[in-house]
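First comes the structure, then the notes that go with it.
Chain lettering (A, B, C and D) follows the sequence in which the chains are written, and residue indices restart at 1 in each chain.
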Amino acid sequence: MPEQTEGKAGEAGAAPSPSAAAAPKPAAKGKKAEASPADEVNLSRRRFTWAMIWGYLGINFLMFLRFFFPRSLFEPNPIFSIGYPADFALGNDQRYLMTNRVWVIREPDRIFVIFARCTHLGCTPEWKSSENKFKCPCHGSGYDSEGVNFEGPAPRPMDRCHLELDATGKITVDSSRLYVDDPKAGVNHFNDSGAFLNV
Amino acid sequence: MAEDNGEQKRKGLLGKFKDDAEGLKKYVSEKGKEQLEGLKEPEKTQLYRSIFRFKHDETARNRALSVLSNVFFHLHPAKVNRDATKYSYTWGMGGITFYLFIVLTFTGVLLMYYYHPSKVQAFRDILYLENDVPFGKLLRNMHRWAAHLMIIAVWLHMFRVFLTGSYKKPREFNWCVGVLLMVLTMLLSFTGYLLPDDQLGFWAVTVGTNMARATPLLGHEGPFGPQLGMTPYNDVRFALLGGSIVDANALLRAYIWHCIAIPLIASIFMALHFWRVRKDGGISGPAPVMLESEIKDEKGPRPVIMKPSGMQ
Amino acid sequence: MPEPSGPDPITGKSWSTIMLVSTFLLMLTVAWSLWSEFFGLRPWRAYQRDFASAYQDFLGKQIAAQTKAEAAVYSSPEYKKLKADLDAAQQSAKPKDDEFARRIALADLQRTAITPAFQSARGQVGALIYQVEIIPESNKSARDSAKKDVDGAKAETYEVEYPLGDGKTEIRKMNYDQLNAGFTDLMALKASLVAQQAEVDSSVKIAQIKLNEFVKEKLPGPSAAGLQNLRNAMSTFKIDMHQINVNPPGAMLNYVGGIGLVDRCQSCHIAMDPLVVPVTMTLTKADLGRTMAASHDAPFTSHPDQDLFNWHPLEKFGCSPCHGGNGRALDSAERGHGRYEHWLWPLNYRENFTAGCQNCHASDMVTEHAEVLNRGRSLYRTRGCIGCHKYSGFDDENERLTTTRQQIMQLESTKHDYSIEIPRLNHQADIAPDNDTAHKLNARATSLTIESSKIDAQLQTLESVSSSLMRESKRVGPDLKEVRMKLRKEWIPVWLTQTHTFRPTTKMPQFRLEQDEVQKIAAFIWQQGIAGQKLNPVAPGNAGHGKELVESRGCLSCHSIGEDSKTIGGDFAANLSRIGEKENYEYLVRWVHNPRERTLPYCPFEKKDITPEDYKKHRLPFQFDLDHSRCPNDGHQLEVQQPTIMPSLRLSDEDSRDVATYLMAQKHTNATYPPAPYMDDPKLAAAGRALVQHYGCAGCHEITGLEDEGRIGTELTNEGSKPIERLDFARYTEDAKRGMLINGKTSPRGPWYDSKGFFEAKLNDPAVFDHAKFKPDPMDRLRMPAPNLTDPKTHQIDKNDVDALVTFLLGSVDPQLPTEYMYRPADRRHAIQEGWWIVTKYNCIGCHQIGIDQKTTMQDLPFYQAENKANLPPVLTSEGARVNPEWLKRFLANPSLSTTDTNKNGVRNYLQVRMPTFSLADNEIRKLVLFFEALSSQEEPYIAPKSESLTNTETTFARALFTNPAAPCLKCHATGDPAHDKNATAPNFTLAAERLREPWAERWVTDPAKIIPGTSMPSGLFRREGDRWVFTGAIPSEFRSYAGDHANLMVRYLMGITPDEQRRLQGRSSGGGASPPGK
Amino acid sequence: MWWDWHQIWEVASAPDNVPIVALLFFIPFYCWLAFREAKKNDELIAKLEADPAAAKTAHRKTQPYEKGWDREVHTWPYLMRVELLAAILVTVLLMVWSLTLNAPLEEPSNPNVTMNPAKAPWYFLGLQEMLVYFDPWIAGVVMPTIIIVGLMAIPYIDENPLGNGYYTYRQRKFSIWTFLLGFIGLWVLMIVIGTFIRGPGWMWFWPTQTWDASRVDFAVNRNLDDVLRIDGAWMAHLMPGSWKPFSGLIARGIFGIFPVTFYFLASGYFMNWLANRTAFSRKIYKRMSLLQTVTMLMLLALMLSLPLKILLRLVFRIHYVWETPWFSV
């Protein structure tokens, strides 16, 4: 004896539902006379029943959607400490490129952290110390020593990470909070507090 | 609205626009209303009809069609013995089993999204499911309990079929298929037992597969096994576990048996099972009782082999 | 056709109702599942809501208080002044500062102005240059034309609207080079400008810093504003899961314990989240108006030991690696704490928290911040657990010794084979048919000869190693070979039966022995003792003087004396109260004189004591000590010392007698001992031997014939992670599972079927799991004796001791963290780690203060209070920086610094208390020296700084200073002249040269109190004058002109001082001579 | 410790045992349901047998029927609604179950620590229990195979044309009893034993007896030949010297054949007798072909061998009845 899934219950949805049985129409029964009670079908109740079945399926569907978004990941933690400001000499520092995909830039007056992602299509540019610029291997965008684009298709300078001093005076970087400078959009957050540290 | 335009000509541009707007408004409101009306009965929409190729006024024909023209339903006959709908006769266990099988497939597939069949991760993935994945715990519980329920359902189904003698001619073969399906069900559950890679599963499977050591001829501890050169590394148990102990390979094998191989085989047999139910004359009963007095005596020579069915 | 009597029961019945009901149920279940997903499994939401409100109230109060405090400070004159300074500084700096600011801004403007032009120019030129490069050198013409293009591009000018400041701009035509130059120049310019600006602002910065420091000092903790921010944050506090995702960047997916670790503890213990409660703040339940009693109604305290986070940052360690528990489970406290059947790493209970440290700090003897654990470790050692239970890292000299011996024997056999082989080869060579076979054979022979000489070298090393190990290896209990000389016969059985009543503080555990067992064991112990070695009788000494010695020489920093409330002294060694009842006077005299003295040396190879006869056989004098430690029979290293920790105090024979006499008086006069004739029954002894082996007495004691007995107990190195199935709860398994205690009460913490429960039960009563068992044969019973954990005051088992040991055991697990988490430092800290093992082994801390705030046993003794504090042994907190390691080695080897006159302290012979001779093994000395150097972060090896010798003027000046009335050095410092040294309270200068490190000496003379607070050495002898130290006292006129550093001069002089120089000075020294001034 | 209710609760409430507890209710309920139907049918049958005339015309079902009712009803909706309802109710049950009970998850697997008791999944506990009475090769391999084969053979050996498609007891006494014995007695019951009776060390604990892992009980098992003192001593001197050492072995090996063969003959005879008791069963029996008969008798004999062996083992403490170097029974 075969069986129907919720799915089928679904398609059956708008078909005359079981409770239609309450109203076998003479047409349906052919010439056979039949004494059947409660001739009119309680439509609202029928709809309500089906609504609940659909509702159940709907909610389940949503639950399954939620199911695909686990509460914790084991991806590298975007928040990390890069030690004391004094650890960085003038110029750019490659130490955290491999582990965190960032360059730490120390300038006479400030430190900031460039997120090493080309603003064109998201490749990781390389630092060409000879030409004193970042060059993107994918489509040749070039950025100057501050990560500001000057050649190639890149639309805007590379983004900068949020950074702040923790209680012990170490620099904490959060590469999930990025500061954007987009001349076209006319926004520049590079000078927001948190986009750089004064030293 | 051609002649509308005709009139428009004489009017000013502005007025023309006004009227157009008016017309549009009217048009939209009217049509909209009537079509909204139409939506009250979704059965009448084209969309709906494109899916269900029959009308839904409750005529015998449509009731038949709704079953026959539906890929899922049509393994039912259009009409059934009026008493076959009686729960006291059918117990509905076969159906429930199938339903549970589908539930298990759903939940199982979802669980697979988070499960790696590897010694390092298997156990941790279960923890992950329990603690980190929304509804993961619920799904795992459902999967497990549905599996247990399915086994009970299968047994009761068999029990019922026996008690109503529904295995008798012409349903002998389908009974055999049923028996195989039952075995497969238990194997499904058994292979799934190992997957969390916890003590419970590990030792259950160890105990279970250790019996295979003793397979006559094929197990390295079974009768005449050693004489045939069976060792822990070439006997049937090894074939089951992919190793001499329950380890990474065993886990992977269990996983594949559980998620792909057995479900596949089972579904084939299920198809067969259901098809045969129809072909062997639908659900077995309740049939009209037979009387002892009506048994015809055997005629003709008695073959020593079992008699082909139909001889009576 | 007939009408049916009724409606068709199938087609005629409507199911709508039941359908409705069932679908309704369906909806209910779905609602339920949603509820459980979002609330049922999320108890922490309630906690957080609760916390947010309570915390806000708390912060409110804080803010009020803080604002008041701040107001007070801001109105204080100091603050006003500093503020004023700051403003002034700013004022003065302002014009220049603004100027720079303006120019920097301009530079930025200009750069932005030329950047676009420059970028396009650079791009173009770059591209063209590439074009040039790809044309082969050979094709000159093409190359040139290409070059031209480049030049063209370079020459091409761009119009730049170049800002000139205050809004004015000019149109400049700039070609590539100009742009390039301009760009780089501007960058450089800006850099320099910024630098100059910083220069200008430096005064401001300084003032600012001063101000900040002042404020920080006056107003510790977060500022009112900060608090306010916190509070605002809390008012909009988002109820959400707080988790630490321990997954260091760049790490593999599976990290801590093989998996990315996620700890959610902070979701309930929300105050532990530094983002919620800053590390500079602490929060207690009391602060939030909660009581400790209701334990997990509000888990709202901040971490009690915030310092730990400096070395154990949360983002690296999370919570559960140290504390245990199931860090991710949040659906209930029980599951989160991992306190359910199938979680292998449950949360440690409060009293065992420090168990977690052992995970990584297993190789420490002393771990900071982990008092309980440390106590556990030292108990494990001192209470003799180690005697039966191996624990890797703990006192394994014996094992190492055995392996060394095996190596030795193996090498010797090889050597022996060679010695046979070589002549054989030579012989064959002689009879060899032809030359080159002969050569071959000879060559082989010679190579073997060389080989065997190599082996000799190896053997020598191994021998020295084994002798060193033999010195290191100590036993917990006394040597029982000398029992006949030492003990009163009748006392032994009494001791065995009532160990803990006779001496409540003894280390020896109480064994559970049947009376006959006691007799057998006692008999064996008695009869295995060395017989026939009579000690010649000694006259009794002066008990009174003995008492003084015991109290003054420092015996009491290890030993205690007196009973119950009258007990004084340390608990490191035995309590001497009833020693008189058991000891034999002559033996005691010998022991006090030198505890390491042995009656007969023991040869580990022949496995027997070497008797005078053996020596006679080889015509050797019967003399054995550390310098004569080779066996007369086989030349191997002998055990020539008592394997006891107790050092020699180098007392004279008289003193030893006096002490012994005094000690012999320590007894209960009314104590009686039944005669024990059976002690001489050889049959009993034979049975006794088996028993002694069975109970593993040889683990702690040296016993004839059982010297090499191994440890009988299970190894406990990984006891903590032993699966519960392997811990036999015997008849109590079910009770333990159901939380019923052995005494029938219900256990406060519910089921105790876990390691903790087992350890506790076992330590409280080692026999517990024999209860209700039927074991008529005592040999079947559990052997573990009752360790002495009773608190002598309460006579109850000291719960703290049990907790400490349990903590230690719970922490002893197979490593679950990646090896890089293990604390195995390679740098100085390693030396410190190593050193503590020895320092605690010999109880150096009984007399010396080594750790900064560590207390010594001695400083609490009644004889060292008030003015007697000066008689305490030296504080060693800066020893590493103070002394020359070479000297320290010598000193540790022989603290009297003299071979002849040893009855004194080498350095501070003015002290009553005596630095004893531990006859440490070289290995130990090495470790100790490194330890001290590491403690005061000194480099190793030490290379003395070169100091230029004094000119004559300097010498005379130095002498003048030295004898200056303002600095009566020789008043206190010893000189070697007995008359003078009577009142000396400081070391002799003649030692300085080889003992002290110059830099330290300089720091010392200038400000001793800074190095050792409360030292009797006067501070303020020198005052800072510019960059040099100048003597504070009156300086003789002729030296006023001296430009050098006085302190340095003084030190250099001291380093060169000789005895007769000293004598010469003594005459002149105003404070010198027998009578200090002021008398 | 006796009367330990906590123990029972512990076992019964273990999440994985819930299905078995459920089984304890399902089986009786459905048996009751089935036999209620059977009773009705049997009464109807009796009536009709008594009155052949009526038999010609009567509506041969217990289910009510009246003229004018459809003999067949539309699957849609009349069957569908049953199925839909069943689906919904099962879903509800499942959800509630999953929300109230968590699927067990124990310690990470560890080959060095065996759980005590180490139990197979509940639905295989029958086999595991069989392991106590038979060698693994029988309990673990032969028996399961025979069960499967036997089940599949049923339709081919059951020659009773009656009771096809309706519940009846009278018309199928023999087969129904056999099946009940097999399914309930030898399968479900064994599972229940394996779950509730078998404690640590697979020892037999009566309900309300504490599962004490440290319990020690005396269970020496002898082979039948030991009991009968078969040592082949007398054979020894009929043999060439080189064989002598094996005489005992051989003697036992040969001896074992007798009880086994005897059992099969005896049980076969017994079954035969059983199957020939009523006139009806004789009739059916006559219809069966030789092969059918033999197969049936074999299967029945094998089935009965289980309870018999249980008896031998538990009561007479007999380990093997037939011991050979290669296999033992």
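Definition applied: contacts are C-beta pairs under 8 Å (C-beta built on N, C-alpha and C of every residue); 3 or more make two chains touch, one makes a residue touch a chain.
These numbers were taken from a predicted model, which means no experiment stands behind them.
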Pair exhibiting more inter-chain C-beta contacts, A-C or B-D: B-D
Chain with minimal offset from the mean of all protein Cα atoms: C
Chain separated most widely from chain B, comparing mean CA positions: C
Gap in Å, rounded to a whole number, between the CA centres of chain C and chain A: 48
Rounded Å distance, chain B centre to chain D centre (Cα mean): 28
Rounded Å distance between chain B and chain C, as computed from the means of their C-alpha atoms: 65
Distance from chain D to chain C - Cα centre to Cα centre, in angstrom: 67
Chain C residues counted as touching two or more neighbouring chains: 3-4, 6, 8, 10-11, 15, 19, 23, 26, 30, 33, 36-37, 254, 259, 262, 328, 342
Where chain A touches two or more other chains, by residue: 1, 3-5, 12, 15-18, 20-21, 24, 33-34, 53, 63, 71-72
Residues of chain D engaged with two or more neighbouring chains: 68-70, 73, 76-78, 80-81, 83-85, 87-88, 91, 95, 99, 105-108, 110, 113-114
Of chain B, residues touching chain A in the complex: 42-43, 48, 51-52, 56-60, 63, 66, 70, 72-73, 75-76, 84, 90, 92, 94-96, 98-99, 102, 110, 113-114, 128, 131-136, 139, 274, 277, 283
Parts of chain C lying in touch with chain A, wherever the complex brings them together: 3-4, 6-8, 11-16, 19-20, 23-24, 26-27, 30, 33-34, 37, 115, 118-119, 122-123, 126, 190-191, 194-195, 198, 241, 243, 245, 247-251, 253-255, 259-260, 262, 274, 278-280, 310, 313, 315, 328
In the complex, chain C residues that touch chain D: 1-6, 8-11, 15, 18-19, 22-23, 25-26, 29-30, 32-33, 36, 341-344, 723, 725-726, 728, 730-731, 733-734, 738
Contacting residues of chain A [partner chain B, same complex]: 1-5, 7-8, 11-12, 14-16, 20, 23-25, 27-30, 63-64, 66-72
Touching residues (chain side chain D, partner chain C) in the complex: 1, 6, 64, 66-70, 73, 78, 81, 84-85, 88-89, 91-92, 95-96, 99, 105-108, 110, 112-114, 116, 210, 212-214
